[in-house]
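The next block holds one structure in the form of structure tokens; read it before the comments.
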């Protein structure tokens, strides 16, 4: 156990040192927000076994609520973040109550459809700014620290991430978390043992929604706006991909997945140009226009050959090494 | 960043004769939609147009090399904003050009204003860029929804299209287009018989068109864009709406007409800032564009070329890429090229130039491929765009 | 002129007919999905992309090979069926033993790839595809002018849908298919090649989607993104109908098309808000909310609202069987 905690500590210290090593703070913050989003999603899919295809609804709701609170109502930043989280939790409760009634693929379809409804609502509602989005959200200050400075904000965001990660860690390793895992493994058995599985599933759903909301609110804080992209169904697909690539059911997997996918989204144009230069094949230069194509290929490869994700495969490899032929 | 400081210090020490170019290079960044719904009207063609602009000026400005980077914002405001911020912070970009998507452009304008760098928005339609969201560094170059409304709404009503019915996309942009056009129609003595809202990206317009037909209006105003406009026009033809009503596309580009074909679009009204066949200079430039892209340029792609040329010439004249000086120079210098003749308004950065009401030719009238439009009316810049008195820009002193 | 909730009767009938046209597409697409789900237990997210492929093949057939609409009506589904066989053999077959989730994710990935490829070659504005000459023109039905082509769409879809239903429910081949769904091992023991049946079922399901695509080509612009807007609505239709029920998906698809039509014509909204208007007066907040949900602006979400209601009242779907 201590080795794991030491590992996590080292990881976070490493992240804290990134700006000093030349990393661009805003990019890392964006990755951290999506990593939190993926970790929250993983709580539901990796540990409880419920595939939600509408998680973007929580990201978007929190983003708009927080943005609105900070820009229009002029509330202090911590309050804005909490309101964002709260908004997402409420939406999570409503969605959860409807979706939990079904399981498996029906559950996923319901979450997808509900998220679509919310998306159309955001599209038409005046307070979201529609297609233009909610722009120029001020950063304000957090406990006396002025967040206009990218570096200050960086450490605040990192602190928020560590706190949320710690919360997820505690949930997973608690009796509650064990029940969730048992529901994932064999729900009928869990019910026969006397657990009200619907109650647990709903709670997991709301927690996952709230933490996804925290990610959305923080992202709005970092980037200064909330747009429809946060609530559209392809973003739900993106977080699934991040979790899949990183490793479902592992704690660190979603973080790795988020890093890979966000870097891909940002750098694919450059990657394409680099590939085009070294191979001389002109088509690579147009790779930048084909983000969705590459995303699709990654999905296919992961599902067919790489189901445990990067971290999952790494852990499996380590286990095999530690157990020489028994 | 450091180099700017050194350059500034040297300059202060009296090396003012030296061109003060940050990072020793004039770097232009371009963010647009290259793979999604707006990829055809700007996209890769816009990239090519800007490359042409740089090449035509021998790739230098104020004695220094000009570099150009571009990326696909995938119609996502957050990708655009993050990339713009990264470019300004780490790539030494001196000027940002905004392609399509109003949301992305508004986000980019905010970043550019924060970093105090010039931002030229070309593809976005939102008039908010020079109204409520104006900044000292934003220049809205080509068109906006107000100009389109004044163009199509005003000119069509004056030409006799007095009664209107709107088919509107149910989101802020569509509502704004409808509202702007309604105001203009009514100001010119027209009436609006009714309207119906359709969901964004609707594939089937038959029900809505049936209601439009029932209204008995002369003009069907299409307050939508892209795929919605295309599908609506197609359906209008199918249901014989075009026999009794004239279609007015409130936001249409030549690529939309090309993809629909003349048979479906003939007789339609639309407003645009430029047409490739409108003058010998336009034709000459467009043929060069056609060589590279195998299709004729849209007004946005022509505007990309014009805006970058205007910027580089201003850098040349001001002998620096310092944002404030160059923006001032751009606003001081009139624009006169194959794209347009006009100015950039000092107070809010709005580009003021003529807009044209065009009508789509019939297949018989069209003499060559892409020969789609005839110019019906010229709308002078002062009439087309928002007047200063009506502006909601905080920088405009009242 | 009689008016029903503010809409004159002829207009209402017109909207109902148009709703039927849309419903035909929903029916065909959800039928394909239901067949694939029933047989393979896979949610075929790629259904929309393969529908688009059908439309594109129709266009490409005309553009590059000069083959007209009628040829492509038969050829495009065959071609897409072949693509379906390839997909099933190379990718899907490895996932049958796994959680549903992976099938959904794989087909989602396939969707992105197919759409990405078509988009990079053909852009997004779409390609025009003309209505074939034999079906051009319109007929004056008295209450509306119906383009002949739309009438053809309804007829063709109904014929195909009920042919497929009859095949599955009434023939011995269909019996083997249904048996294969319930107990593949036993059916295999009878000497029936179950894996081949599965492959052909997938191919058949996507061929149906492609057929719908060819039917759609003259109506909507043939563009790389035409499937993605439709697929989510079709999912909702299948959930409402009850997954795996063939008749359920056909009837639900048609029904929802009609309801959507009524929504667009403001009839449904007017119907629901009438009692509130009578009691609380015009323009009250409940009526406004109802109009937003069931009026023309709500036509894109009414399917989801209905889905939520059905799931609360009858979780297995209207025609589904509780497993």
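Each chain carries a letter (A, B and C) given by its place in the written order, and its residues are counted from 1.
In the analysis below, a contact is a pair of C-beta atoms (placed from the backbone, for glycine too) under 8 Å apart; a residue touches a chain by one contact, two chains touch by 3 or more.
None of the values given here were measured: they were computed from a predicted structure.
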{"item": "Graph class of chain-chain contacts, one of line, ring, star, complete, other", "value": "complete"}
{"item": "Chain pair with more C-beta contacts, A-B versus A-C", "value": "A-C"}
{"item": "Chain centre separation (chain A, chain B; CA means) in Å", "value": "35"}
{"item": "Rounded Å distance between chain A and chain C, as computed from the means of their C-alpha atoms", "value": "32"}
{"item": "Shared-contact residues (touching 2 or more other chains) in chain A", "value": "120, 124, 289-290, 292"}
{"item": "Per-residue overlap in chain C, given as positions that touch at least 2 other chains", "value": "119-120, 297, 300-301"}
{"item": "Set of chain B residues in contact with two or more other chains", "value": "35, 39, 170, 199-200"}
{"item": "Chain C - residues contacting chain A, complex", "value": "43, 91, 94-95, 98, 100-102, 104-106, 108-117, 119-120, 232, 235-236, 238-239, 243, 292, 297, 300-301, 303-305, 307-308, 311-312, 315"}
{"item": "Contact footprint of chain A on chain B as seen in their complex", "value": "34-35, 39, 44, 71-72, 74, 76-79, 81-83, 85-86, 89-90, 102-103, 106-107, 110, 126, 128, 133, 170-173, 199-200"}
{"item": "Chain B partner contacts - residues on chain A that touch it in the complex", "value": "24, 26-27, 30, 120, 123-124, 126, 129-133, 135-136, 219, 223-225, 227-230, 265-266, 269, 288-292"}
{"item": "Residues of chain A that touch chain C when the two form their complex", "value": "45, 51, 53, 98, 101-102, 104-106, 108-110, 112-114, 116-117, 120-121, 124, 233, 237, 240, 244, 286, 289-290, 292-300, 302-304, 307"}
{"item": "Residue ranges of chain C touching chain B (in the complex, touch as defined)", "value": "8, 11, 14-15, 18-19, 21-22, 119-120, 123-128, 130-131, 138, 144-145, 147, 149-150, 219-221, 223, 225-226, 229-230, 261, 264-265, 296-297, 299-301"}
